Every structure is written in structure tokens, then in C-alpha cells.
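Same chain, two partners: subunit A is paired with subunit B first, then with subunit C.
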Partner chain A sequence: MSAPLSKSRALACRFFSFRTVLKNNGRVTVSCPVAMKARGHNSSQKGYSSSTSPTSQKAAAAEASPLSEDVADVDVAAKSLQHHDYFGVRDLVTVRDMFKARVHFGHKEGLRDPYMAPYLFGNRLGIDIIDLDQTLTLFQDALNFTAHIAYRGGIILFLSRHRQTMPWVERTALEVNEYSHCRFWKGGTFTNATIQFGTVTRLPDLCIFLHTQNNAFLPHAAITDSAKLLIPTVGIVDSNCDPRLITYPIPGNDDTPVTVQYYCNLFKKAILAGKKKRRLDGLEQD
Partner chain B sequence: MLIRTERVSGQGIGELCANHLVLGLIYIMAGSRIERFGTIYSRLQGLLKSGALSQVDCPIWKSVYEAFPPQREPMYEREIPDQKVRPILYPEDFVRVKYYNTFGNTDVVDMSNESVKTTCQRFVEKYFDLQQKGVHPDELFDKTTEILKAENARLRSTDEIPQSISNMESNSKDDGGKL
Partner chain C sequence: MAGHMGRIRHVVLTNQTLLSNWRVIVSDVLPGQLHYTCTSQADSPKSSKAFNKSTPTKAEKISKAMKAYMERAQAHDEMLKKETADYEIGKRHLANIMGLDPDHMTDQDVKESIRYLLPSGLYDPASRPMMKPPQKVFPKRKDAQFGMDGRPFHAFFYTGKPQFYELLYKITWKLEALKKEEDKLLQVGALFHEIEEKAKKLPLHENEWISYDTLKAMVMEEISQQDYGQFLKLMTRFIEHPLAHKEAKYIMKFRQRLNRQSFGDKIKPLKTDKDGRSFMTAEGHRKSAVAAVTVRGHGSGQVTINGLDLEYFTLNMHREQIMFPIQFVNMLGDIDIESQVSGGGPSSQAGAIRLGLARALTSFVSPDIVEKMRLAGLLTRDPRRKERKKPGQAKARKKFTWKKR
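After this line comes the complex of A and B, so read on.
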């Protein structure tokens, strides 16, 4: 089974590059292991149970050990995680802009997915209205995550099965130098990649769904596939969509062309911001 | 050991795979394909704990996820939430109901232009204006109609329309006779 190539692995390969050594002023970059230890994620140090997820940890307001000085120097990417909004993407979303882009329009009451009920503001004469205050924070989180993945050189795949807006999704991927797959999703694309493509494959590090459903109003097969292969997903979930398997769901209208353009624009800005910082911080090795 | 990465922009997934050749380092990540159990993060932690995955081989999203976890864990198994979605109604809606039942919608509305008010909206604003000034509730609707008619709003109630048509016919009877 093929899997995303970790950044640490990639960096390990670059130890032998003379250019890298020069760039880092002679210091060798090491990521994950040391950084994780210093952060106290090692269960033996802090006594955290390994089943505690970051979500519940943050909710319990557990104190995290501060990153020690020398470790911070060692892992350049770790510094970006300490800032709440390292790329300035949280300011890109406003409730007013979302309202103008008609993000709050859901489908009719009968089409509602039961798991979307918490994200709804109410029902206006039969039409579900999505709560933009919730969407705001969720969208900001999603954009921030996207920017961080782009910052770390991750592969991003845009997915959509909406025929009307598909060209814009493909164009957005083109403009950010990432990938898109807006055609029929063949069963083993992720799960049987090595055989289907006939070669060792590097799978995406993030999947962005502009439309979570396929043309049969069923969840896109790539959602379960991404979950199976431990690939995080960001997805726009309308009031008739199932948000459960999506890592960073964004409740919002996915049918209006104006709205899809708005989302494409925001994702483009977030990814470009991440990539720009990547170049500025010197993480771009080639 | 080099990784030849040729980022071909905007290409489909076929090109994605063909252009990423790992020379020398073929690396298969262990995994748990049960998407309905736990979350991707909990399963990743499980792999780490069991030793199937080493710290070095963790995917790049792990540290980002830990620093910025989602507001809600992406678990498939969750309780069906409370389906109480409140209906969105405003006090103006009752006025609007009566307005549309009496007059119908004769406006040609440009929905993209927010600066122009529809007749109904003007009616509603005037209605509440009068209500604040202390006009008796029974008279409110009729008074508002009068005022707006004075302001040249086209407000003919559905009862008045047949009457006005018959008026027009009686006025033009001579012309009809000529034909």
C-alpha cells in the first residue's frame, strides 16, 4: 500500500545534498521525532494516554510544554505551528463576504442530512439556512490547515463531481500548481494505486472537496478512501451532505456557481500564501 | 538518494503518479483501512503505538493536526444530533402575508440591486412607522395603503381589479361600438 511520503523522510534524503547544508548554515534539519519529544507528546514524559486526541486535549486546556530553544532552531516548520495564523488566512473569510456569496443557502428541509442539523441557523420558509458564524471558524481552520500543508510541500488534490463548476475547480488547481480530479472516480485510485498506475505512487497529503457528493447524491467515494488511507480531508458540506468523515468540514452552499467561485478563490489564496512562506523561510529545497 | 519531483501543474491524477518517482527508497506505510472506526488521527496513533509506524515515517499532516485540531473529531460513529432546527420568522412576516394576500406581487424586482426597496418592503416600513406613532391596530393596514397610494405605489387589491376592469370597459363602450 502506497502512502504519503513524510516530510521527515524527504528531509532525511536531503542530508546528503551539499546545497541543503549550505542553506541551513551547516545545521541539519530534523523534524518529527525530536520536536515531538520536546512538545511532550511522548506519553511516558507527561502521562498522556495515547488515545487522547488533540481535540480533547485542547478542550481540556492541558498545558503543553514549550518548545525548547534549540529544538525550535532545528525544525523550521515547527515554528510555523506556534503562531495562531502564520499565513494570515484567517482574515480572508468574513461573514459579510460569505453572505454576499450566498454561502448560507442550504437545501429544502426534506433533503436535510441529520448530521448537518447542528450547523444550521434555522429554516426559512422550507429552506435550510446554514449558520455562518459556525462556518466562519470552521472555514478559517480549514484554510489554515491547507496553508500549513502547502507550506510543508504537501500534495493537494481538488475533487468535485459537479459538472457545472468543474472547469473552475480544475483551473484553480492549475493556478496553484496542484492537482484536481473532477472526473469519474475509479474504485481503486487510492486503495489500489500501485497496480492501477503500474508504479509506486505518492498519494495526496490533503484532499479538498468542493462538492462532497457525486452525481447520484451519494458521498464521493474518495471521502471513504481518504479516511482509509489516513489522508486528511477538507470539504464543503451542504445541508444534504454527510459531514462525518471529513476532517475539516465547511458547512456551506455548494450549488451556486458564485459560491463555488468564492471557495476556489479562497483556497487558491491560502495555498499560495503557504507556498510563498515556504520559499521565504527557505524550506524549498529544489 | 534523490527524490525527483516534477510538479506538473493542474494535471490529472495519472500524471501525478507518473511524475513522482522515488529512486531507491520504496516506502510503504502500514495502515488501517477501517474508516468507520475512530478517526484518522486515532488510527495513526494506534499505528505508532503498535510500532507499525515509526516516528520518522509519520505523514506530514500529523504535527499540523496536533497543533490545529478540528473543532469536532471526524468520527463516523456519532450520535444523531437533535433535529430541532428553528423556523426563521420575523414580526414583519405577518404584515407581508397580509400584503401579498391583498395585493399580490406586481413589482419587477432586481434581486441583485439592494438599494431599491420593493413596494412590500416600503409598505412594511410604513406600517411599523405608523404603529410606533400609535395608530390603532385595526386601522393600520388601511392607513398604510392610503399613504402608499399617495406616494404613487401601484396598490390595487385583488377585489378592486375586477371593478377597475369593468370601469375601463364602460368607459370604452363607444369605441367598441364603432368597430
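After this line comes the complex of A and C, so read on.
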């Protein structure tokens, strides 16, 4: 996967993705940090935002359209993947800011989800404290990924079922010209979209969960739906949440309004940075 | 999305791959490279080779849907155009028949002409012959939800009720703005003044919230009764804020006129006597007692009944009956009362004076207090009369002693 393919070879490839995966005997890199830790891996080690190699990306893209302009665009977009921090979003997060925004506060020990244990620094006076050093890298990865999605004109859907902070989430979505769903989740929104919306609908390319749980303290149904439909998810996971199905989990407090506003601000900056680069690089098609 | 704008790659997934990778997704590939609806074709890799090029990709499907919508919209617009042309010609014919000016014919003229030419005795107005401009007859159609690239226009599209939730969003943020302003005024100490303004600028006694059907028609969406309840809760919260009158114009959009009995009985304007004092006269009845009451403003709380003081009534409860309307409107000691009463007994006379007094007081107070008086039962003539005695019974209801045998 690291060896660059020649253009002719790229054109010869038919489809990238799971067929290639099959060719590689099912070897797939894992994005879940817990599993990665088990394999002695660190997502930020390699230094690029997504685990996709730029060359395979190129291969697929080049095969897709024989038109020269598309290939040129592909080169431009592929360039963004070779940069460690193409949008400059990794500097937006600092441990000090997160501490001030009370990101480290988890719930009480009894409410702890066992899968969140690796992300916790410890427990003080009965309250679980989230490890901000881990959150830092995970947050940076998530913001970078978000910016890349925005860079490529993807649909971003903000989700939250926290009634107190929901207006802020909706407002953030409006400010960045993206979408939000902070209401009761109808079962078939993703899985039965064609019938529910009456026509073939384009589903989101990224789901950002400001709150991973619904009002019954159960995981939001959209997490499993996104996983089913291969929609990547970014989610703020508190100490009582289940991080397993989320592609880019961000361990952090999700109950304090100040903290949620801090997250919304960061996501907004990341998306706007991605969109700005999109315009500057000439990828915007009217 | 994956570098070549808008074109989404179709990917064949076998059941095997899904199972093996079900937890470990989108790690290798950028999301845009995957098809959104995972159509699992045959199990063998062979079928993936024989990839059917005629099955459309998601992007192509979306643009097809858009094209279909555009065609339907065009057809609808053409139909409306034709109908409008027919309507205009019909209007001219009608003007010709009725002898009106065809160029300056209003919709009201059309309505009256049709009513004259085609009179109908049917009760339901919707069943009678009518001639309306086609825009009013044909239902308004919902516009396209998304553009050619598949991106929906509305930020709340995925909720299924974008317009309704946008409405709730707007109200929420207006309320937040009011809260901020309230904080500023509290610091300065000017909040009290604003609260006084509220009663004047936000008249809520003459109207009520719009009905469920009206709201549904307003947002043009299928909303449930629970949604309507949520809307009412939010709006009630909104108007309860001390600075709600600043958004009076916006609030009035969601209020409809109330059909109330108070509007039936018009409140009479105050008269002035030669001393410059305002006064009002009214009558009251109870059983067979009749009272004529005169209320004078700028008074000191004097009461005259048939030339006597309140001591005309011996019992306290009769005196309290007369005091009740004045105490209700907080005018104890502000007005003088003169009354002539005849007929009935003490209780009936007290009731008659009370009714006459309340009716006279309606001219002294604002309409929302009149409504409150009506709700308190002060303005209702007590219709009770003595029930007749029936044969076979001792009194109206009392029966003779029942004997078993």
C-alpha cells in the first residue's frame, strides 16, 4: 500500500476498496484506538489524517474518469492527504483550553462504561477524570478528518439529543452551512431513506455526535445506522458512553453547556477551514 | 466526492466482507468512495467482474430524481398558466354578462356576480358554485428538497419536518435574545418599566393560539398532536418572558381572534354629569327583584340603596355580595353607588344589585378585566327560579314517605 502505483497501472486497476482488501487477504487497518492500542499502534504515529494511502486514492480516482480535469482535481485533492495538517486544525486544540472548558469531567464511578476505561486518567472524589492527553490526539485526528470531509464537499450531519444544548448544535450547523438532527430519531431515516423522504436522497458523509446517547441513556440509534451504511462518525464520548462503533471517538465531557459550546466552536472552525481550502484550491463547482 | 466531484464509486460488497469488516469500517477508504446503499450482489467475486454498467450510481439516481422533479414542476407551471389564461377569459365573459368593467374587475366582484347568476341554497360554502383564481384552487406544491449535487437545501432536512423545527429554532433563539436583553436591563435597573409596557403592547385577551390545523397548513408539513403540544409549550414560555412585547409582531402571527361572548355585549362608554364626575347606570335582575344601579367615579366608597346605607341589608352576606364586584376590580373606596331596588327578598335584591353593579363597572375597566369578570361569573344573570310543586309529591322534589307495604 505504500509503494506508489504508476498511472497506467492505476488505470488498469478496476475497483479499489473491498475487492482490493480481499486481494490483500482481508488485511485492513483498524481505526478503533482501543484495538489499535492492542496492536501497539497509534493513529497519529504515521502522521496522516486518514488511513487511506494517497496512492490508492489516486488509483481509484484515476480509474473513475478518463477526463483530464478530473484527474487534475484528483491530484489537487490527493495532495491534501500527503500533508500532516493541511488545514491547520491540529493547533486549535490544547490541553489547557480543554481543561478550562471542563472537558476532563466524567461521570461517577458507578456509571462508567467499561470500554471507556482506557481513556480515563483516574477517579477523584468519585468522579471519573478523562485523560486529556489522549483526548488531544483523538480530537486532532477527528478535526482533521472533519476538515477533509468538508474540503471534499461532503454532507456533515450534527446529532445530539441533549435538550439543554441542542440549540447551540443546530446553530453551529447553520453557521457552517451543514445539517443537524437534534430531534427524535425516526428508525428509517438512513436505512429507509428513499421511502421516508419520498425520493432518492443523498445521505450524510459524516455524522458528528455531540452527545452519543439519547434521552433514555442508550446509544443513539444513528450510531448503528451510520455503521450499517458505512458513514464515518465522529463522537464525543463521555465516561458513561460506548465508544466502540464510533470511527473517531473523542473522550470528553458532554454535559456542561460551556464544554459543548467549546466543541461546537472547534468543529465550526475545522469545517470552515476545510471549505476555505476547497475554494482556494478551486475544487468548488457551481 | 472522492476527488472527482460528485461522482461516487459503486462498490460491490459480498456478504463475507461485510461480516469480517463489520466493526472495522472506513479505515482504508475515504467515505466518498463507497456506495451509500450497500447492494450486495451475488456472493462470488466473479459477479463483481461482470459489473453491470447499466445499474445507475447514487449520483445518477439523484440527478434522475431531480430531473423528474423538474419535469413535474414544469408541467405544473404550464398547467397553472393555462388555467390562469382560462380564468382571465372567463372573467371577461362574466364582466360582459354583468355589465362591469372587464379591466377593473376585482375578486369580490367575481364572487358577487357568481352568487347572483348561480344562486345556491346549499349550506356548505365549499359546495356552492365558485370562481377563484387557480393559485387559490390548486394546492401549493412543495419545492424541490435538494440541488443537483444532492445536497439538501434545508439544514434540518434529515429530521423530516424541516419547516416546523426551523420555527421552533427561531422561537428558541428569539427567547434567548430576550433573556440577554433582560440581563442588561436588570443591571441598569430599567426592567420594571418594560414590564409595565408589556400589558399595553401585547394584547392576549382578545385572541388565542392558532389551532393544530392552522399550524399544519402554515408549515406545510405533517406534524403530530405532540408536535403541536410542544409548539404551544414553547410559545407559552416565550410570552411569559417580561420582555415578550418586544416580539409582539412575531407572536401575533400565531394568534387567532377569539370568538367570545364578551364581544356580543358591547361595553358602553362612560357618561359625565354636570359636576364633571364620570358615571354609568345599569340594571340587574335576580328572581323577581329588579335593581337600577348608578356608579359614579371619583368617589369615596359611599353606598346608597333605596335611600339607606349598606345597613339596608341586615345580614353580612348580602353586604358582601354587593362588595364583591368592586373588590374584584380593585375599586373599593374609588366609587360611589346609588341603587333603587324592588321586588323579591333580601338575597334576591342583593344579587340584583350585584349584577347591575358589575354591568356598570364594565365601563370603568379595561376589556381584559371585563373578560376576567365574565369568567368569575359576575356578568351572568342568574337564571334560577323557584321550581314548581308537582302532584303526588310534597314539594318540587320532596316525595311522600315511602312505605314498603
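Throughout what follows, the second predicted complex is superposed on the first by the 212 of 286 C-alpha atoms of A that agree within 3 Å, B and C clash if a C-alpha of one lies under 4 Å from a C-alpha of the other, contacts with A are read in each partner's own complex, and residues count from 1 in each chain.
The rule is simple: contacts are C-beta pairs under 8 Å (C-beta built on N, C-alpha and C of every residue); 3 or more make two chains touch, one makes a residue touch a chain.
No experiment lies behind these values; they were computed from the predicted model shown.
Undergrad: Using the touch definition from the top, say if A:L283 reaches subunit B (first), subunit C (second), both or neither.
TA: Only subunit C; A:L283 stays clear of subunit B.
Undergrad: Is it subunit B or subunit C that touches the larger share of residues in subunit A?
TA: Residues of subunit A touched, subunit B against subunit C: more for B.
Undergrad: Contact-wise, after the overlay, does A:G154 reach subunit B, subunit C, both or neither (first, second, both, neither)?
TA: It touches subunit B and subunit C both.
Undergrad: Pick one for A:T224: touches subunit B only (first), subunit C only (second), both, or neither.
TA: first
Undergrad: Would you sort A:T199 into first (subunit B), second (subunit C), both or neither based on which partner it touches?
TA: Touch partners of A:T199: subunit B and subunit C.
Undergrad: In the overlaid three-chain picture, which partner chain does A:D254 touch, first (subunit B) or second (subunit C), both, or neither?
TA: Touch partners of A:D254: none, neither subunit B nor subunit C.
Undergrad: First (subunit B), second (subunit C), both or neither: which does A:L174 touch?
TA: Both subunit B and subunit C are touched by A:L174.
Undergrad: Pick one for A:D238: touches subunit B only (first), subunit C only (second), both, or neither.
TA: In the superposition, A:D238 touches no partner, neither subunit B nor subunit C.
Undergrad: Name the contact category of A:P114: first (subunit B only), second (subunit C only), both, or neither.
TA: After superposing on A, A:P114 lies in contact with subunit B but is clear of subunit C.
Undergrad: Could you list which residues of subunit A make contact with subunit B in one structure and with subunit C in the other?
TA: On subunit A, the residues that contact subunit B in one structure and subunit C in the other are 16-17, 31-32, 35, 50-51, 56-57, 77-78, 148-149, 152-155, 157, 170-171, 173-174, 177-181, 183, 189, 197, 199-202, 204-206, 227-232, 244-245, 247.
Undergrad: Touching residues of subunit C toward subunit A in the complex: what are they?
TA: 1-7, 9, 11-14, 17, 20-34, 36-38, 45, 48-49, 51, 58, 61-62, 64-65, 69, 145-146, 149-152, 155-161, 165, 169, 172-173, 176
Undergrad: Can you list the residues on subunit B that touch subunit A in the complex?
TA: 1-3, 5, 7, 9-14, 16-18, 20-22, 25-35, 39-46, 48-49, 55-76, 78, 80-88
Undergrad: Can you name the residues of subunit A that touch subunit B in the complex?
TA: 1-10, 12-13, 16-17, 31-33, 35-36, 39, 41, 50-51, 53-58, 77-78, 81-82, 109, 112, 114-115, 117-118, 120-125, 128-129, 137-138, 141, 144-145, 148-149, 152-155, 157, 170-171, 173-175, 177-181, 183, 189, 191, 193, 197, 199-202, 204-206, 224, 227-233, 244-249, 286
Undergrad: Hey, which residues of subunit A end up touching subunit C in the complex?
TA: Touching subunit C: residues 14-19, 21-22, 26, 28-32, 35, 50-52, 56-57, 60-61, 64-65, 70, 73-74, 76-78, 148-149, 152-155, 157, 167, 170-171, 173-174, 177-181, 183, 186, 189, 196-197, 199-206, 227-232, 244-245, 247, 283, 285 of subunit A.
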